[in-house]
Amino acid sequence: MERTYFDNSATTRMDRRVMEEMLPYFDQRYGNASSMHSFGREAYDAIELARERTAKALGATTREVVFTSGGTESDNLAIQGAAFANIAKGRHIITTAFEHHAVLHTCHFMGSQGFRVTYLPVDGQGLVDPEDLKRAMTKETILVSVMAANNEVGTIQPIRELGAIAHEGGSLFHTDAVQSIAKLPVDIASDNIDLISISAHKFHGPKGVGALCVRKGVKLRPVVYGGGQERGLRSSTENVPGIVGLGKAIKIGVSEMEDSVARMVAIRDRLIDGTLSSLEGCFLNGHRTKRLCNNAHFRFDLVEGEALVLSLDMKGFATSTGSACSTRSAETSHVLKALGVRPEDSRGSLRLSLSKFNTMEEAERFLGAIGEIVARLRSMAPRAARSGGA
Amino acid sequence: MERTYFDNSATTRMDRRVMEEMLPYFDQRYGNASSMHSFGREAYDAIELARERTAKALGATTREVVFTSGGTESDNLAIQGAAFANIAKGRHIITTAFEHHAVLHTCHFMGSQGFRVTYLPVDGQGLVDPEDLKRAMTKETILVSVMAANNEVGTIQPIRELGAIAHEGGSLFHTDAVQSIAKLPVDIASDNIDLISISAHKFHGPKGVGALCVRKGVKLRPVVYGGGQERGLRSSTENVPGIVGLGKAIKIGVSEMEDSVARMVAIRDRLIDGTLSSLEGCFLNGHRTKRLCNNAHFRFDLVEGEALVLSLDMKGFATSTGSACSTRSAETSHVLKALGVRPEDSRGSLRLSLSKFNTMEEAERFLGAIGEIVARLRSMAPRAARSGGA
Amino acid sequence: MAYGRKVMEHFANPRNVGEMKDADGVGRFGNTVDGDEVVLYIKVKDDVISDISFQVFGCAAAIASTSMFTEMVKGKSLEAAIRLTKEDVSEALDGLPPGKIGCSVIAPDALRAAINDYLGRRGRGFITGDEIPPMRR
Amino acid sequence: MAYGRKVMEHFANPRNVGEMKDADGVGRFGNTVDGDEVVLYIKVKDDVISDISFQVFGCAAAIASTSMFTEMVKGKSLEAAIRLTKEDVSEALDGLPPGKIGCSVIAPDALRAAINDYLGRRGRGFITGDEIPPMRR
């Protein structure tokens, strides 16, 4: 069966060019970057090239780039790191209610460590209001963390404005840009960003490698301790092939962004319009235009999300209910809850997330299949659910 | 120039069979293991197979295996995790003076968090005395961490005995086995191990992936927070190719251990005997037999280690002064210091560390080259150093 | 996380789906707000379940386990049918993810409701959870 | 971490190595216990360094920077030579790892010792660090 992959917010297929760049570092240039000999220098040079590429893509300098094991570690290093390092200045952190768990659960942890955390609301369209941030700022605020784009509903936040407000209040500003790299332009200086988290596998790079960009002068406490790699901020033998892959993937991603985004927007819009127009009891979650080029997030009446995703899978479409975490279907998405979606209305969620590898044909195939699948599931539903679920 | 890689304690060349097993997970079975669709299930199944292989190699059950980003994170999760989770029972940690920095610096950090840390001495041969552990145990002791084999001088510690003492005292026992996997047999139950750290790139697997085995019933606090992967102990999208690689590498490593070890021992012994017999002012550091099959660690009078390593590199031999960390030659190895080596005697260190890929021919080539290199460096030394350095 | 083959087979081809107009008993259990919901329809002859059908709103585990459950109880006496547990259903499906058994295998609860409906219509006493002996096959 | 090409070239082929039996001045600096050690031998003519050689115990940076330094000072007046700083040597080598400059570029210190030895043998006053004007080319 031909398979269509519409779950690129969960993870992406690696670009062949990225793989090719990585391969020699597995069994030929396999040195440890800290070693003095020629194998070590090859590894070191490869990491530094990746660092340059990453810095360039984010508008940073090479010394500001810290390689990590992924978005989660980057978020933890940013939040735990900045909070513990700036404890003398204050103990107040501001974030939003619909962050990824890597930020949210880290903030919960900080709450247990004597920090006060404010969770900003989001509106029904999935947008943070800068006025809310203004109101939440206190003299004690040391860190504001707002994601660049949401991983479930794809909405894009006014990062530059939020960053400016944080800075005016004397706070550091972190953004989790895991979903927006190679989809939205970013320049940490003009976007008022002190800390930015990225994860390679979300933009056709390898899994298990990410980066945290740390603006000059920002102090962090490490999360793990050891040999002192990455200027002491992230000890461990560097994942050379992974870092090489990240560097290549971000370079490709940013240089081809314009074309890729245009392609994805066209497919996304066809998916959104086609689905909404052909199916009853189907709604779009999140702002219609202030959303990522690759995200279409629906809510279906009278359909349970997991059953829908598995039914689509049986027809060859890889999709998701929203995020790739929970095993309990009964666990309501904290993102939809933050948007004010009623629990009963968040049961039938479907996220389609695209990449540059998707085609319009795949979108048409999807539109040809979704109707029947939804109809079948609805036909099985008991009457009360059938009439009262909306 | 033909290159000889004698720095396998820093990192190893990946086994081709490991690469082959990993490759499909980059651009074909590229799903997120938490996804419900077929791509996700492929990834999930691959991880579970790797988990079985890892568990089998360590004498653990699959539920006891937690995949991480490497040895450093495993050590941090073990120590920070066990200490913070067991704070109610006590605040005393025991380790040794010659652990890897991933353990040592984590223990320093724990010291800053209100824990008391005892650093056991090692003797001149690089061995920990179980009697010292017995004496150090207190009612407050919650964690004992002793490495299975040292990464610089290669000496092997009496883990089973130390574990038994820790358990008698009611403490958890952690061992950093990063250097000993596929070189020494291990069975966590009979070896009295509660927590064991491993790192794939040290046994011909990929960089940036490791595991911590956590005995059933042992409670840990996570180090990073997020989506709840690895039973909540290690959040982040799983590094599927990396984990697949770790699983394959440990399976190969353990199943071929006997042959590989025998090969390495023969080469190691030739290197040790050949060097000691042909060069004056040259000594072996660490116990002659209670050492890893792949480690030869020398000390040369009147030669500075870095200059020696770089001279060897110019002749095609990749070696190290001891560990792959510091850039300051003047920084004395904490391991040699723990062995009681005088600072002036630890300047001329050379570690040769082997893998199954090394050959006896390479050893002979090395023995043919080392004499002249040492002689050249000694000839440059000022007179006082030349006569008084020993 | 992943469902086994048998679960997916029942999910793809659920047995006994649909409303039953002339049922002797109907039982509903669960809710659609934050859980799954099952409606069971039974026909009863000599205290034996002679026919059964269901409707469901829920995840794949809810659909598959209800389908499997209807197969398991068809032809069984009421007394035997009422003794089948969530775990029995899970076992018959070669296992379900741990978190799913509690919240999605609700067909046994719906059956109790359906039997009570049947008994009630006939003026016979209801059964409660407590009356079911803690015996497994 | 890595050394540049010029450093490695001087490390592989150090210039002016060796003891000088008939030196006009000899200076020793550093120690072999936990640092590097350099001995410089100079010949002086009309307060100009006409010849120079060195011995060294130390890392590649110590060897290369001492080699480079001897090339830089040869033919210079004592006064000009004494003004060369560690940073000048590092620059001439196209840079050294930051940590290395402080601890391994000790040839300028050895030169001061050698010049003082030369001056002392001739009964002339010593120079100390303070007397060297803080001027850079």
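By written order: A, B, C and D. Residues from 1 in each chain.
The rule is simple: contacts are C-beta pairs under 8 Å (C-beta built on N, C-alpha and C of every residue); 3 or more make two chains touch, one makes a residue touch a chain.
Keep in mind that this is a model prediction, so the values were computed, not measured.
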{"item": "Third chains touching both subunit D and subunit B", "value": "A"}
{"item": "Comparison of A-D and A-C by number of C-beta pairs in contact, larger one", "value": "A-C"}
{"item": "Remotest chain, subunit B as reference, centres from CA atoms", "value": "C"}
{"item": "Whole-Å separation of chain centres (CA-atom averages), subunit B against subunit C", "value": "55"}
{"item": "Between subunit C and subunit A, distance of the C-alpha-averaged centres to the nearest whole Å", "value": "40"}
{"item": "Centre-of-Cα separation between subunit B and subunit A, whole angstrom", "value": "34"}
{"item": "Per-residue multi-chain contacts in subunit D, two or more chains", "value": "1"}
{"item": "Two or more partner chains touched - positions in subunit B", "value": "34, 36, 40, 306, 310"}
{"item": "Contact set on subunit C toward subunit B in their complex", "value": "1-2"}
{"item": "Complex interface listing, subunit A residues touching subunit B", "value": "3, 5, 7, 10-16, 19, 23, 26-27, 30-32, 34-40, 69-73, 75-76, 100-102, 105-106, 108-109, 199, 201, 206-209, 223-228, 235-242, 306, 309-310, 312-313, 317-321, 323-326"}
{"item": "Interface residues, subunit C side, partner subunit A - complex", "value": "1, 3, 8, 11-12, 14, 17, 19, 28, 32-39, 55-63, 97, 99-100, 103-104"}
{"item": "Residue ranges of subunit B touching subunit C (in the complex, touch as defined)", "value": "33-34, 36, 40-41, 44-45"}
{"item": "Residue numbers on subunit B that touch subunit D, as the complex places them", "value": "302, 304-307, 310, 314, 327-330, 332, 343-344, 347, 380-385, 388-389"}
